[in-house]
Amino acid sequence: MNEHFLRLWPVQGSDYAVSVDWLVIGFTGMMALFVVPVFVALWMFIWRYRRGREANRDHRAQSNLPIELAWIILPFIGSLVIFLFSARLFFFARTPPADALEIQVTARQWMWKFQHQGGQREINTLHVPARRPVKLTMISEDVIHSLFFPSLRIKQDVLPQRYSMLWFQAEHSGTYQVYCAEYCGTDHAAMLARLVVLDPGDYQHWLQDNGSAADLISQGETLYRQYGCGSCHDSGNAPPLAGVFNRTVRLADGGQVVADDAYLRDSIVLPQKHLVTGYLPIMPTYSNLLDEEAVQRLVAYLRSLPATASGDPK
Amino acid sequence: MIRSDEKPAEPFVAWAQQREAARLGIWLFLATEAMMFGSLIMVAWLYRLQHPDGVAEAVAGLHWQLATANTFMLLTSSLLMTLALAASEQGNALRLRRCLLGAALLGVLFLACKGVEYGLEYREGLLPGFAEDSPLHLPSAHLFMNLYFIATALHAVHVLVAVGLGLWLYMRLAPDNLSARGTRTRLEMVTLYWHLVDGIWILLFPTLYLVGR
Amino acid sequence: MSAPSYLHQQGLLSWFLTLDHKRIAVLYMVTVTFFFFAGGLAATLIRIELVTPQGDLLTADGYNRAFTLHGVIMVWFFLIPSIPSVFGNFLVPIMIGARDMAFPRLNLFSWYLLLGGGLFTLLALLLGGVDTGWTFYTPLSTMFSNGHVVAVICGVFIAGFSSIFTGINIIVTVHTLRAPGMTWMRLPLFIWAIYATSIILVLATPVLAITLLLVAAEHLFNVGVFDPRLGGDPLLFQHLFWFYSHPAVYIMILPAMGVVSELITAAGHKRIFGYRFVAWSSVAIAVIGFLVWGHHMFVAGQSMYASLVFSLLSFLVSIPSAIKAYNWSATLYKSDLTLHAPFLFALTFIGLFIIGGVTGLFLALLAADLHAHDTYFVVAHFHYIMVGAAVAGYFGALHFWWPKITGRLYSQLWGKITAVLVFCGFNLTFFPQFLLGYLGMPRRYHAYDPDFQFLNVLSSAGASILALAYVLPFFYLLGSLRWGERAPMNPWEAAGLEWRVPSPPPLHNFEEPVTVDFEAYDYSPEARRDPV
Amino acid sequence: MSTANALKVYVGLLLLLAVEVLVALFWPRNSSLIMLAAAGQFLLLLIFYLGLYRHQGWVRLFGCLYLLWLLMMMVFILGETATR
């Protein structure tokens, strides 16, 4: 693994990583511009003005407004320029493209579990296609973890009870180390994973030869049948779920909310959180029956439900 | 008639300087109390904004009549403390001690009223840790109830300290040494602390009991 | 014969019931040094553990407890009380011409609070052990850790009040007890820095008190404030915690800046360049320091727009520090420099503080923080500021005012050797950690990738030099108490009220009341150095 | 502070309290009115009973700084929760 004795710069796995490296090197250069003169001035003054060495020390300046303003404004303007570059990169890293490949991630104390759309499930390893955007929807089952890809220069905290998102586009195929960055208890140091980036062809082979019988959506459907969600939701005394994804739902207290992933998950695990108008709050909580992975499968199934032909339900 | 041998405390050279220092010291302590309770009130408001329905359910169960009576009592005790300070400036010892005693008694009444309220809530199973068969079914209602308990308990401790200070000052102000400069400064400090405890309740009362009934 | 020195009175009660600000300062010095070595032991364990990639010296749990102990003890029981309580207590009254602090009894009570809180916390950490890190992040600290978290929280809660009362004491003293003629613009810059630190001490510590109270309530009664299942929000804890903890890092660095201003002017025999800018930059750091806490949470799930605002404000807060650094080096222009030991510590401070500050700006860059957050890059950054700058400032103050506190001179040679050892040992320890951090080695890792071993071994080697450098002063400073020659009133020919009283100073600092008619740092030839 | 003034301020405080409770009971929707009455009470207390008007600069300075900080934290809360 460590082919050369001492590596001083992390491998660059994506274009984003290259641009972050250039940002950091640019910032170091600019800061050197402001800092090196201070060190040089210090050494020069110590040498020239040490006691016993004659130098003209008369009319010593007490203060000088232009110089003071100069070394306030110039460094600030310099850092503002770099700040704008970094803000642009930050927004780029935080807005996933629409066509990204969706993968569900669940973090548990000291292991990572990944679920692909095709139903494949992996523990502590993640296979992704190269040169394609991949979007990870992540949640933790206990404490706060943080999925960290050093070679892609990104990380994102994984919070309990709330989805957080991370997206990347790996360029070169290969195997990269993945860490948990947020301290999460005893074996925080052992919570590692491997990111395996495959060329698109190899990725398809990988999908086939360990694809499970049903894909994520059909697994969600079996759960939907198994827990009898249809007995209320399809019979009318609970909000109809056809085409529910990204629909604006009117709540009992007059507010409105868009039914995104988080809303669907909260309605399953904490049904009392958002009460829909016109329905009794009689839904039991499933938080003890379903773990986070099962909830993700159900949400995938609910997202796939098309709006029924008879117009958009209210 | 200021006793001549009475000189200001060690580091100070003049009485005015010592009162100035004591006043700035108490104001800074009030600032720390305000920062602490300010954060608590902000946390309460954050959860009011995030879970309006859960909080509405919790607030519905609170005894606002008792709390209004409590607010009235604290406002009256603040008035009495101001009157006590005014009486000390006019040198009227009897009125000063009566006002001080009145304020301390109102503080004790406030705590008694609070105890009754906690008793009712305990029987209704609303208090944290003892809430087996609690009538609240929204989880965020439990959260707000617990937050209500922490905020009012912390404030009750401060009222207890204020009542203690009032009674301690009442003992110290025996009729003869009323005019000692030290005790007048202490009276002003206790008055300032009392008003802060009242001011915190003025903000806590609507935040916990009234909004979103 | 002039009045007896404040050390004249003997006996235990004269120490444990003293109301004299100078004796309380010495009590703080002993307490703070004890906690420094307790925290240092934990650091040595960590560095020895990290020599090998696989964890063999300590178990995973043992390592987690070691770095939690190192964090809690070093932050709350050494760095925060060190300069404000030790040198603030000793020097503030003398420098402004007062006889004592405004509230002497409150001062002694603060010391007992720190000692009590500290011993209780150390006991809880050693006997039970807490593995949540000094940041107590929820839900780990509230739902997934053992009961000792509540004990440690009580200890820190008690010690917090020591900070609040010290802050109140210093602010009231500076406002009301200045000698006639000592206007705000004639105050030494150390007083400005300690005054700004006290503002933070008074306003930020209560927020920590309520946060720790909520964590303890959450841990005991599952109140739900930070428990997402009941609707609480773990991010709220991080907001409240960092709202205190970022101003707290300015509590650690601001006094050291005040010390360096004194050292630079005393060594250079010259008034500081731009007195007003340096004075007001301390207050600016204190005020803006309250607005930037969000840069600890860029990756924690905070909204993008809040992160943008915090990143911009973090660049703004770096300006006053830059003003100070530039003005210090400008002071040396046309100065009359003597290279004595305290001045070498001041140079160490400037060198390491500038590197620490610049890497702080790295972490304020949003895109760079996505990579460097929670890695050894952050560890190296804050050690450059806390250990490199704040501890070097503390050692500089120790070496500069030691003759004034104890009345004894120590050997300058050993002082300079220690300063050079600290600079070299420090850089060898923490510069490799910058590289480790950028390579992607996360923080608080008990076992790591074999790739990182070489840099970790370098860091541990540096740590051994640093440990030696920190033990050295223990010998020649305490040795000076016995064999050191008597110190004159002004060994460094510095300007300042504290150098116009005999060393060690008498019980009431000044025989007759002081009137100040000279500017701060008045080194002009006609200003005679006559004893007051 | 004279007794008459103290009584006037006291009556003002009671009036605001009455306004608060009445609004809470009969017009529950506008909670901002309740908080305005509470803020009024707090300011009345701060200026007259705590005697902010009697003190010189640094108390008033600390008072304004603190109220400014409260405002800023409120704006931050609303902004962060809205954009999260």
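Lettered A, B, C and D in written order, each chain numbered from 1.
We take it that a contact is a pair of C-beta atoms (placed from the backbone, for glycine too) under 8 Å apart; a residue touches a chain by one contact, two chains touch by 3 or more.
Each chain and its UniProt protein: A = Cytochrome c oxidase subunit II; B = Cytochrome c oxidase subunit 3; C = Cbb3-type cytochrome c oxidase subunit I.
What you are looking at is a predicted structure, and each value in this text was computed from that prediction instead of being measured.
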For this session: Work out which chains are contact partners of both chain A and chain B.
Result: C
Problem set entry | Core chain by centroid distance, with centroids computed from Cα atoms only | C
For this session: Calculate how many whole Å lie between the centre of chain A and the centre of chain D, each centre taken as the average of the chain's C-alpha atoms.
Result: 42
Exercise. Between chain C and chain D, what's the gap in Å when you average each chain's C-alpha atoms?
Worked result: 38
For this session: Report, in whole Å, the distance between the mean C-alpha point of chain B and the mean C-alpha point of chain D.
Result: 16
Exercise. Mind pulling the chain C residues that touch 2 or more other chains?
Worked result: 175, 229, 231, 301, 304
For this session: Any chance you could list the residues of chain D touching two or more other chains?
Result: 58
For this session: Could you list the positions in chain B whose residues touch two or more of the other chains?
Result: 24, 28, 31, 35, 46, 50-51, 54, 139-140
Exercise. Quick one: in the complex, what on chain B touches chain A?
Worked result: 51-54, 56, 137-140
Seminar exercise, completed: In the complex, the residues of chain B that touch chain D are 23-24, 27-28, 30-31, 34-35, 38, 42, 45-46, 49-50, 64, 68, 71-72, 75-76, 78-79, 81-83, 85-86, 192, 195-196, 198-199, 202-203, 205-207, 209-213
Problem set entry | Of chain C, residues touching chain B in the complex | 19, 93, 98-104, 106, 164, 167-168, 171-173, 175-177, 202-207, 209-211, 213-214, 217, 220-225, 229-233, 236, 240, 243, 513
For this session: Note which residues of chain C are touching chain A in the complex, please.
Result: 55, 60-61, 64, 131-133, 137, 139-140, 143-145, 228-229, 231, 234-235, 268-271, 273-277, 299-301, 304, 307-308, 311-312, 315-316, 318-319, 322-323, 325-327, 329-330, 332-339, 347, 350-351, 354, 358, 361-362, 365-368, 370-371, 373-375, 435, 438-440, 442-451, 454-455
Problem set entry | Contact footprint of chain B on chain D as seen in their complex | 1-3, 6-7, 9-10, 13-14, 17, 20-21, 23-25, 28, 31, 34-35, 37-38, 41-42, 45-46, 49-51, 55, 58-59, 62, 66, 70, 73-74, 77-78, 81
